[in-house]
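Quick heads-up: structures coming right below.
Shared between the two complexes below is chain A, which pairs with chain B and chain C, respectively.
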Partner chain A sequence: MSVRAGYEIEDIQRVVHAVIAAKVSTASPWTSWTAILGWPESDVLNNLAKPVIYVEPPTMIARTVQQGAMSSGVWEMIVGCWDDRKTGGTQEINIIGSQLLNFFRDKKTSHDTTKITITLGSTTYTSKDLIDMGVNVISIVGPREIATTDLKEFRTEFILTIRN
Partner chain B sequence: MSVTFDMSGWVAKNARVKAALADAVKKSVDFGMQSLHEEAVKNLTGPHYQIGERGPMTGQMPIPRITGNLARSLKQRRMKPELGAVYADSNTANYAAYVHDGTKYVKPRRFLGDAVKMKKEAILRRFSNNCKLAIRRAGQ
Partner chain C sequence: MARTDQLGAPASTVYVDGENTLHRYWLHAASVATGIAPANVYGVQQVTPGAVTWKKTYEAFQQGGGERYSMKFFPEYTVDVQMFAANVPAFLAAITNTTFAQAAGYYALPLVFEDWPLITWEQIYRQSDNSTVVGSMIFQDLKLKEFNFQSNNDNNIITIPFYSNHAPLYVDDSAQPVYDKFSGDGSTTAFTLSQTPLPVTDVSAGVADCSDFVLDNLIFCKVKTSTQDYGARQKSGISVTGTTLTFTTAPAASTEIEVFYLYAVA
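This part shows the complex of A and B:
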């Protein structure tokens, strides 16, 4: 368990972001997108050449207790896709969404074969997967289409449920 | 000589449980809608400010308000006995979606989404308790 006790909100968000960032830096078609930690401000969106996947902080929604084991938290976090006039159509946002759904539904790829290097506090973890980091994505639901003010701007959001 | 099987008591008990469950579900949906509505209104009743002023607590909950129109636009509607909705009426506040989900220039302030996260456990627990109690009482 590498997510630090007392720093879960920050650490879970960073670990999930790191996994998505690992995908966008290596695997096609993910290389056509950018992963952003937190809410993308307008100047960030304007300065990027690619559609973005943003990872918001998690919220604890429940705590599960098992006899003889430590309790674990159930968290929900929003992962959104935002194409702000980068492609001009709905096709790209649908592909991003489909890839996200497929990635987190495929436990082997998302929780095992995708490796990340991340520093939490003063410790650097090299070549670790989601399970090593203590983050278990138990479901992904979506997409929820988000209203935009611009006809050529497309947004969708997914909710990840995570056990930590 | 004959053996008679009379299951009428079992059938009657089943009918009582079914009716009691329907009532418990209806009460639970009422509780869920009421809880979500109250929590969402709480999220929308931040400090007042005037048009043209810089809003206080930008991007935070409770959301600062100019008129309070958005909080008043929140409504509850029952579609079926087991299905209810809490929503911001777009005829009253057509900007509700932009406040809730954010835009390029404004961070999202999820007054309904956050209310769901805050109340989900309580609503599910109440639902479970109501159903268990109803079954126990009807089965006696």
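This part shows the complex of A and C:
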């Protein structure tokens, strides 16, 4: 369990972002996109040539318990897709969303074979997977379409439910 | 340890969800080979094993004597497997070693079954990466009970009822089962197992007269003649040293020798 007690919001967000970042750095068609930690401000979007997948901080929605003990958390977090290039049309945003859905439904790929290297606090974890980091994505739902000011931009969001 | 201790929060690794559990079985009617591959089971929704009950118990005592001594014989428990209706016919045909396929010219599968052990089942508990094994349950020598197909409005799930007269086992994640079958020729007494059997707790030490359970770390060793429908468990007359299974008396010609045991995960 590598997500630090007392730092869960920060650490869970960074771990999930790291896993998606690992995908976009290696696997086609993911290499056509960029992973962003947190909300992509306009200056960030303007500097990127690719559609983005942004990973927002998690929100605790429930807890799980064992008797005589502290509780652990069930979290929801938004992972969004934003194609601001005005050239991809609906097809690109649909492909990004489908790949996200399929990635987290494929538990072996998302929780075992996709490895990350990440530093939490003063500890660097090398070649770890989601389970090693104490993050279990138990479901993904979506997409929910988000309105954009430009009709040629497309944006959707998914909700991950996570045990930690 | 104090009465006011507060334990730590449950780790994410303690959750074992059914969606991550793999079910597979070894077919007892499989051809002679070593390291026989199990078959994965598709469409499983739930597996519900019942607790072991004893079909026969005795209390031994003598007049004027001390406390009574309890003896138990013949464990029995049920294992209900629920799966998608569409997966049931192929599964039944496979475990009963029956031909049921349009291509083979067989268009119906009778839902009556012989009362003998067909398969040994393993349900493998895994973490949510579908990769890290937590442990597994073995239900050995499952016999199929009669059942029928119902129909309901929602997703049609069929319950396939099994039962067994041999103890279920919980297996550590560092061990896995293997099923070897050999042919007897009337003269060979030593057979080479495909793996080195790991120690298994002998419950006969704790449960009176359940001595058919473990013999030299084999979960079972059976010998089946060509006229028998299923093998007879060997309760004596065999020994295992390393990977060598030795019979005191050579199994007869045309017999099949079935051996089921655990070996270490590499």
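The rule is short, and it goes like this: the second predicted complex is superposed on the first by the 158 of 164 C-alpha atoms of A that agree within 3 Å, B and C clash if a C-alpha of one lies under 4 Å from a C-alpha of the other, contacts with A are read in each partner's own complex, and residues count from 1 in each chain.
Operating definition for what follows: a contact is a pair of C-beta atoms (placed from the backbone, for glycine too) under 8 Å apart; a residue touches a chain by one contact, two chains touch by 3 or more.
This structure is a prediction, so every number in the text was calculated from the model and none was measured.
Chemist: Following superposition onto chain A, is the placement of chain B relative to chain C best described as a clash or a fit?
Modeler: Overlaying the two complexes on chain A (C-alpha atoms) leaves chain C and chain B fitting together cleanly.
Chemist: Which partner chains sit in contact with A:E153 here, chain B, chain C, both or neither? Use first/second/both/neither.
Modeler: A:E153 sits against chain B, while chain C stays out of touch.
Chemist: Identify the partner contact of A:S122: answer first if only chain B is touched, second if only chain C is, both if each is, neither if none is.
Modeler: The answer is neither, since A:S122 touches no partner chain.
Chemist: By the touch definition at the top of the document, which applies to A:N47: first (chain B), second (chain C), both, or neither?
Modeler: neither
Chemist: Using the touch definition from the top, say if A:A62 reaches chain B (first), chain C (second), both or neither.
Modeler: The answer is first: A:A62 touches chain B but not chain C.
Chemist: Looking at the overlay, what does A:S72 touch: chain B (first), chain C (second), both, or neither?
Modeler: second
Chemist: Quick one: chain B or chain C, who's touching more of chain A?
Modeler: Per-residue touch count on chain A favours C.
Chemist: I want to verify one number. Taking the Cα centroids, what angle sits at chain A between chain B and chain C, in steps of 10 degrees?
Modeler: Angle at the centre of chain A: 90 degrees.
Chemist: After superposition on the shared chain, which partner residues are touched by A:N164: those of chain B (first), chain C (second), both, or neither?
Modeler: In the superposition, A:N164 contacts chain C only.
Chemist: How far apart, in Å, are the nearest Cα atoms of chain B and chain C after the overlay?
Modeler: Shortest inter-chain C-alpha distance (chain B to chain C): 19 Å.
Chemist: If you look only at chain C, which of its residues touch chain A in the complex?
Modeler: 5-13, 15, 17, 20, 127-132
Chemist: With touch defined as at the start, can you tell me which chain A residues reach chain B in the complex?
Modeler: My answer: residues 39, 42, 45, 59, 61-62, 76, 84, 146-150, 153, 155, 157.
Chemist: State the interface residues of chain B toward chain A in the complex, per the touch definition above.
Modeler: Touch residues, chain B against chain A: 97-98, 101-105, 107-108, 114, 117, 120-121.
Chemist: Would you tell me which residues of chain A are touching chain C in their complex?
Modeler: 1, 5, 64-66, 68-72, 107-108, 111-112, 129-131, 134-136, 138, 163-164
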